[in-house]
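Here chain A shows up in two complexes: once beside chain B, once beside chain C.
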Partner chain A sequence: MNYFELPLEQWTNTFVDDWFLPTFGNAFDSIGAVLNAFVDLVTDVLLFVPPELFTLLLVILSWRVGGKGLAIFTFLGMLFIGSVDIWEESMHTLSIVIVSTFVSLLVGIPVGILSAMNNRVQSVVRPTLDFMQTLPSFVYLIPAVLLFGLGGVSAVIATFIFAAPPAVRMTNLGIRHVPKEVIEASRAFGSTSKQLLFKVQLPLAVPSIMAGVNQTIMLSLSMAVIASMIGAPGLGATVLQAISRVNIGLGLVGGLGIVVLAIILDRITQGIGQGQNNKS
Partner chain B sequence: MSKIKVSELTKIFGPNPKQSLERLNKGASKDQILADTGNTVGVNQASFDVKPGEFFVIMGLSGSGKSTLIRLVNRLIEPTSGHVYIDDEDITSMNKNELIEARRKKLGMVFQNFGLFPHRNVVGNVAYGLEIQGVEKQEREQKAQKAIEDVGLKGYESSSPNELSGGMQQRVGLARALANDTDILLMDEAFSALDPLIRKDMQDELLKLQKKLGKTVLFITHDLDEALKLGDRIAIMKDGQIVQIGSSEEILENPANEYVSNFVKDVDRSKVLDAEQVMRRPEVLTTYKGGPRTAIKKMEDVGASSIFVVDRDDQFQGLLTIDDAIRAYKEEIPMEEVLNQDVHTTTPTTPLSDLIGVAADTKYPIVVLDEEQKLLGIISRVSILSGLVLGKEKDEVTN
Partner chain C sequence: MKKLFITLTALALVALAACGNGEDQDSNGDSAEVEEKGTLTFGVTPWTSTVPPTKVAKLVLEDMGYEIEETQADVSSTFMGLSRGDIDIFMDSWMPVHEIYFDEYEDSVENVATSYDNADAGLVVPTYVDDIETVEDLKGNEEMFGNEIYGIEDGASATEMIDDFIEAYDLDFEQVNSSEGGMIAQAQRMMNNEEPVIFYGWRPHTMFNEFDLKIVEEPAGDFFEQSSVHVVTNGELANDHPEVYEFLSNWSIPIDDVEAMIVEIEDGADEEEVAQEWIENNQDHIDEMLEN
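On to the complex of A and B.
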């Protein structure tokens, strides 16, 4: 079937090596530097806080948004993480999750708003999101490493590509599902587009946006293992180490650590989302 | 001067409205245009005037274009051609900012399914219009409070809309429109989602409010009874066109075409006519001042066996029968003590249908009082029956 002899591989490499990197290398370097500083800052803070205090704060938060059951689970979960001696790795993972979730929302929510307001934007954004979600993650791990080097920053970028789409989609969906009559009412009383957005559409889209935030966090966590292949520290690295040494026990410890973090983060963000639901 | 003037307003939905507009102007029908171009004619060259303080109802079945028409008035839907003037200013040629200003200052709106903001409490909903104008919190909440009291929702200020019943939600919707203090209220099937009893209450209260506040109301409904009850004038719409404009009497008496006459033939006369239209002036009245003697004399003159008593300000006091009057005269007791207060009273706007039952079980005429308890007229059983048969007898009232 090779009728056209399409040299996509060479083209891409030439494009990247001869034009893209020389032109945008500096820009990527500064983005990388900013993200790196951000990841380091969050990691430092998380590691600076004594585990006991961190656990206490997390338990209080769980109790407020999810009730007694969640608070107990959070306490036992954090006790487990400390007891199997993966506290430091967990905090590294958590900081990558926090930073990539932050970046995903920072980009995802405005893009979601734009695509809800404008069908043309949506028609461009939707296939892009499909592309981001279906492209095998290893494919963009390579350019990520090329642009940002090994380590936490590449992990954040790769995680962003994988985890941002739900934030965009759910923001878009939430805004588009605001009842037509409510929008008409807002306009009929003389709202500007900005007032309509900030006083009516966004507040009503909050439950949906929170569901998107929850998904983004979950996907970020699920990228932890893959991201460790490009040098991201954390629980993923523990699992990767276990695979390479065929150490079943270590694999279980790292894997369970990820599961515990996932459940706690999921329940807490769901709790916040439901709180919003009940209010409205 | 008219408050709202709509002239030759047309809305065509679809991909190529301009072309369809030309065909429409050349006389093509709605169905032809739909078949040939796929464009839907929503409103077809509608023209009407609404006077200041008038209650103007647009009546039509679903699909007649009435909801589109009301949205063309404040440009929630952009018209294809034609003009809308509010206070002689052309809404259709305004730019974005002028339009926003006009909506804020001139046009309040109430929606069929309320369109309340579920994330705001009652005050937050009612104050919304003022909030987006940048009115300060204290002032806007004060105005909102007044509107909330006007619609009878005092005490529910901090409730969330979804805790309220349908009728109360629509009161919030009404208060939200009142809080902006616009001269005009646009009401899109405002009561259609309410059950009949609550709807009737809301209609009565809206009439009262409109009288009190002097609003110009443009009201959309698919319910002819509602239209006849509320409207000073009614426009009947069919297939995007206005087929007749007139008062309820004109539409009932002289339907413009078969469509309208089919519509109105089942109307229950008793619902259209109200107390004011069938009441008559009592032949004689007496006051306390004259004492029982004068009362007896007056009854004797007209050959009546009872007489209505009013005070100096025309306020209704009660009914005095000839027997009681004679007793008071003989035993020298004050007239106040022998007055029969057990007389049915009603307001001028009560529909006749509500009075039929009352009339059946009272032997005295029903007394019509205004808000200050002044006696306006009386309704005997005969007046109700003749009203049902002959229509209103306004001449008797104004003699």
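On to the complex of A and C.
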């Protein structure tokens, strides 16, 4: 199949080294600085709150959205994280998950709304999302370091690329699935497009959007170990350290920490989504 | 008489199986001949230094009639594979940094030869950082580097060594760990801006070819000693394939040649062609290793 030579490798290298980095290096530095401040702030807050208080707040939240069972699980999970001495690592992971999820939603929900309103936008967005989700993360991991340096910011960017697509897709889906009759009725009562979007379509799409949020959080957590290869602190680093030392026990400790965080966050966001569902 | 019968039956069966396809029989015959010698699996880690010696050894062993497979894995999986026998040979084990794996698998892996024993390792800085020549110069200058030393993975022995080094010399540094690629990318990013940067470097590695780097000398020699690179095999290789074991136990290759090959490969040359060229230029050395 080698009919003509496509020097993609050279083109990319020349493009990145000779043009992209010199031209945009500084711009990315400032984006990086903002994100870095954000990651640091969230991490500082999470580490500043005493574990007992944090657990209490999380247990109350779980109780309200998920009931007694979830509250008990949350308590035991946080007790586990404290007892195997990975509290600090967990908070680092949690802060990267929170920031990545926030950025994913900040970009994802508006893009989802746009692509629900406009088929042409959707025809561009859909393949882009497929591309983001299937491109192996190692491909953009190292370029992220060239742009943003080692640490939390690169981890957030890499996680964003992997975790943002469900936020876009589920927002799009939620709005598109609002029944035609409802939209016709709102139009008949004279609502403007803006009113239609914010008072009818978005509220009805909330369960779907929350399912997207849930997926985004889960995907962010699954990037934890990979992100630690570019210097993100947290449970991923514990796992990476354990596997490079063939320390199976420590690997399980770090791994279970990620699982516990994942289950708690999953059930809480699901609970919020269902709560919205019941109301509507 | 009974033996003859079995042989005849077997021949008949082979003839039957091959019936109707003469070409197939031919290729069957060929592979059966190779099958006698068996298949050997090399473990290949994602480091640039692994490829040249692996390819050279592969070509030599293929010449001896072995079928060669390569299994890509990271170092801890490679050692696990060596101990289980999934991997027979690993050409790029670094001492003392891989000692932890030998402790873990001492019964099932064997260190059979030293490839080269003058591999420098240590902290490196770009040559444009004028004031830093030895580790003593680091004291008081930590701020220049943003108080950060970039290292490889958390958990690697080099990582622990650097942490011990920082403590022993009472330096105000924090080690930032990621991975080889992450570390190099970060250093490259800082060198593009001509910022001072200090990170972990080792030979043979193309970083010395791509960037102008110098190793920060440590006259006391307590931490960054020269590494030696070893050939490691599964413990059963000596029994199963004595001639391979014999060849590998005579194995050695100069570090400069390995580095030169790495550079050629990174510049886009075909890995096996580079290895073939080395073999042709060093036929005497190969013959010595084969004891011909």
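The rule is simple: the second predicted complex is superposed on the first by the 279 of 280 C-alpha atoms of A that agree within 3 Å, B and C clash if a C-alpha of one lies under 4 Å from a C-alpha of the other, contacts with A are read in each partner's own complex, and residues count from 1 in each chain.
The rule is simple: a contact is a pair of C-beta atoms (placed from the backbone, for glycine too) under 8 Å apart; a residue touches a chain by one contact, two chains touch by 3 or more.
What you see is a predicted model; the values in this text were computed from it and never measured.
Following the overlay on chain A, a side-by-side fit with no clash is recorded for the pair chain B and chain C.
Of the two partner chains, chain C is the only one that A:Ile230 touches; chain B does not reach it. Chain A has more of its residues touched by C than by the other of chain B and chain C. When the two structures are aligned on the shared chain, A:Ser222 is found in touch with neither chain B nor chain C.
Our angle of interest has its tip at the CA centre of chain A and reaches the CA centres of chain B and chain C; in the overlay it is 150°, to the nearest 10. Contacts of A:Leu150 after superposition on the shared chain: chain C is touched, whereas chain B is not. Superposition on chain A leaves chain B and chain C with their closest Cα atoms 49 Å from each other. Residue overlap on chain A between its contacts with chain B in one complex and with chain C in the other: absent. Residues 71, 74, 76, 100-105, 107-109, 111-119, 128-129, 131-133, 173, 176, 180, 186 of chain B are the ones that touch chain A when the two sit in their complex.
If you check the complex, the residues on chain A that touch chain B are 179, 181-182, 184-192, 195, 199-200, 203-204, 279-280. Of all the residues in chain A, the ones that touch chain C in their complex are 21-22, 25, 141-143, 145-147, 149-151, 228-231, 237, 240-247.
On the side of chain C, the complex with chain A involves touching residues 74-76, 79-80, 100-101, 104, 150, 153-156, 176-179, 181-183, 185-186, 188-189, 192-193.
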